[in-house]
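Below are two complexes that have subunit A in common, paired first with subunit B and then with subunit C.
So, the complex of A and B:
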């Protein structure tokens, strides 16, 4: 992204290729910078998360900062837009503050590219259905946006709660009754799960017994993918590139993995970016290596998310009691 | 949206829906696991018709037709970059446009005729084949028009082949011709060059672009869910088929240059 001179690029490249490899911040090739994650940061969203990669420990500034939020909407299927069973729309917006050097046209293009990656990856999954809007904002970019994007998205989706629904129908009473109480409300008393709004035969609408902060967690929250970006500088590759490193390498490989413990690992999206090429055997070995690194990110993220769940529910309740 | 509005056109109503046709019985692909592919064998691709040099005013051009996918591609340049800043390497611009009648649903001109993700993918596929270091301060423009669309996978792979052929037709120095092939995973099988319906049935698709002459992969674009083994299997099958496609492209370029 940022413009580097040829000398700077070659300096970074030659230090990465030296033995042992050297990076400007002293990390090893496969080391990540510190990742900070917090869920439930947007009170009005159904689920949200904020992530920071590589924040400076001394002054608390810098790093790649991303905010993700999930907002649920109800839409009508008959209009053509909705899909039976619900749908997911992912959007990425990049704050101009994160890319002060980019003109607005280039910012739109970047936004569009990130959106298409996110949307294509998460949206692979009729009357009324939920529309899940996943909105991600890049607040500042210090390299490795893609990995951070998917971590934030996964955290926000993990955090999402879907309100329970109850189907209702308003109908006129049959003839023979007197005028009073002319309209009757019929209810389906079962509290069904949020995502299942496929309504029984005659019911035309539904209501929400929950408040906005209650509800059930999203089904299958374990399968949302994470991304690992391999920055290639043949014959080596490294993870979590900082901004300068990112602009001095010829090729990047984005691998989105979904690694639920019960199933086989799945590749969700897999893309090659940059003005250079590789051969097939190398790609194959890179996928294998990528899977190993993706698994360690996955495990760490899972542990953190479970921790966040406890912090926000159990501990908050305890604190409320002992206040 | 306001600036994307052309008052000289007949714009039609703001909201409109495509007519819904009653789907014919044979039209719906009634495929399920354990049934063989209809019409061709799994590793077959659709026949390719490629004609370089169809657009006279362009420096180079190509028209490609694979069954229902029809794409025209024109290359202009290399010409002087409009920007004043010095650039050591040449620039390669790729623009993909859908004609309004190319899809089942109308693509309104200006508003949604342009697809950037397609352009990005094709750009990535041809970029490393072009010797841009020989063309400082200059720009090459590649314009791709999709006349008929039968699945986004087919569009990307055919568009890549057309773009590479058009670049060669324009006499721009390239390291090798880029061939591209797509694959879809359905159950245990892998079907190459899927149509739109087949791709919709599949769990995941993969598009590979490579220079078969050099054995270098220039673009991989996988979406949907796939196991790692399946993805590597797709890579192998696509690469094999790309070699055949390369022969088709080379043959048609040779014939055109002999004829002129």
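So, the complex of A and C:
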């Protein structure tokens, strides 16, 4: 369904440009379709979220559906893999079922494109002390993938709980040294061996004092960015394009905003897609307007995420009671 | 502007408790097909239908240990000793004479490939289209060279199923002035099973909107055009393959959106579409005086479907 006929394209374009502007399903220009969101969907992930934009209210089919999950992994800094201070790796994979018309090569390109957008935007923050794998799957595409992608990513990261750690140090006895005071409590109880060939006398590791479900929320929960896509059909633009609208417009502008409540709004990334061009003053005004819309998405998403937290706590409590 | 909703949760904690059984526990009566023939019985995939000693398995079933078992969710149909299950959600099964709406996917020598929501792409031969102006002659090499002037990739068309090729792909034809390229509107896709066979699949609603209900589940909603059957000669020859839309006023655009949303809602609730039903639904929506986008809201669409089924 990627291609539309010329007649369809011009129908959509002329509807958008008419006064007042009309869209295929009667929405106003800046209206979103209903967004369904749920956190904590993957039990084995540290944080996860499922999001669907524009699903049918009744049977739950259709719409752009995205699943995001965060898995924390421990890395060793010394062997070159890990980075001190931690790192974030974002990966997007697209289910072939979401794009039945695309050949596998084109699907790979799309995956790579979305991955690079997500990865470059989130990994810039460097707030972690772990390797944080953020895996996102596009299950179906009914337009506006980018916004959904970042909402899902933000929700999953919001949901992420990092296990508390306590560092532990093991120390081998120094041969021939009987000084009692220097010993660690959890010291290796090895006898004095003449064949002790270990070079490192000290091993550091960590242990998890918590049971698995608990942990601390990720630091910097408030600054994960969201995306707002402005679909440009000069002189107007609109939000949350359906698939057919998406393929009939010449230009798209993705703006990734981070809007923490106490700080100044930050524009993390922006990219312009499409064959035609725009001039700089227009972009400036678009960014300004985009920020307004981003803020409303941001507030709505935050409210929903807090609701989800409450709902899940409630559910956990109920389960505990009925045990 | 932007509203978040929740995914529907099972309301009851014992949601599955009452209905789940081990297959062995289930009532043990061998299904008596003769009893069930009157009403249609629904199957689940993996459900036991009957014994394979006495019945033959058809589409949608398989045999495991002398039992005929449904492989899809659908209704059981029986012809003499042959038991088949017709799937509820499937691709479109073409039959000769069906009216379909399709989209060109490829231009090939002397033929177009058409996506018609079937298992294979349909084929439209150059010899089965009308030439602009309605001239009757053999297609020449010069016509082959300008096939893209008739239809190009992405174009929507309405056609009739003419025949089948040996591999099961359908062959279409547009050799009538009713058929041809589509413009002045938008496409809605619904499950093919929801489109019933009607006397006419060209419906025009009194609100100035024309509908083409393709049996493959593609529905074209467009601005009303003057009746083609009346003045066959008066028709503009070039307009048949034109890519340009007519001027459409805002009221008509609004009506097109409204009708599209009604169809979306009805498809969502799995209501089979007929011309009467759509007409009633449209009248109901006009009575409510709601905004077009409100039709898709859950409470409004619930009310719409309830009102329609009460009247029917």
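The definition used in the following text is that the second predicted complex is superposed on the first by the 278 of 323 C-alpha atoms of A that agree within 3 Å, B and C clash if a C-alpha of one lies under 4 Å from a C-alpha of the other, contacts with A are read in each partner's own complex, and residues count from 1 in each chain.
Convention: a contact is a pair of C-beta atoms (placed from the backbone, for glycine too) under 8 Å apart; a residue touches a chain by one contact, two chains touch by 3 or more.
All of these numbers come straight from a predicted model, not from anything done at the bench.
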| item | value |
| --- | --- |
| First, second, both or neither for A:104, with subunit B first and subunit C second | neither |
| First (subunit B), second (subunit C), both or neither touched by A:279 | first |
| Partner chain in contact with A:27 - subunit B first, subunit C second, else both or neither | second |
| Touched partner set for A:120, first subunit B, second subunit C, both or neither | first |
| Touching partner for A:322 - first (subunit B), second (subunit C), both, neither | second |
| Subunit C versus subunit B, contacts on subunit A by residue | C |
| Partner chain(s) touched by A:267 [first = subunit B, second = subunit C, both, neither] | first |
| Of subunit A, residues touching subunit B in the complex | 80, 109, 112-113, 116, 120-121, 124, 258, 264-280, 283-284, 287-288, 291 |
| Subunit C contact footprint on subunit A (complex, rising order) | 3-8, 10-12, 14-15, 18-20, 22-28, 30-32, 34-38, 50, 52, 56-61, 244, 296-297, 300-301, 303-304, 311, 322 |
| Touching residues on subunit B, where the partner in the complex is subunit A | 17, 116-117, 120, 124, 127-128, 204, 206, 210-211, 214-228, 231-232, 235-236, 239 |
| Residues of subunit C that touch subunit A when the two form their complex | 1-8, 13, 103, 153-156, 181-187, 243-245, 248, 250, 253-254, 257-258, 260-261, 264-265, 268-270, 291-293, 295-298, 301-302 |
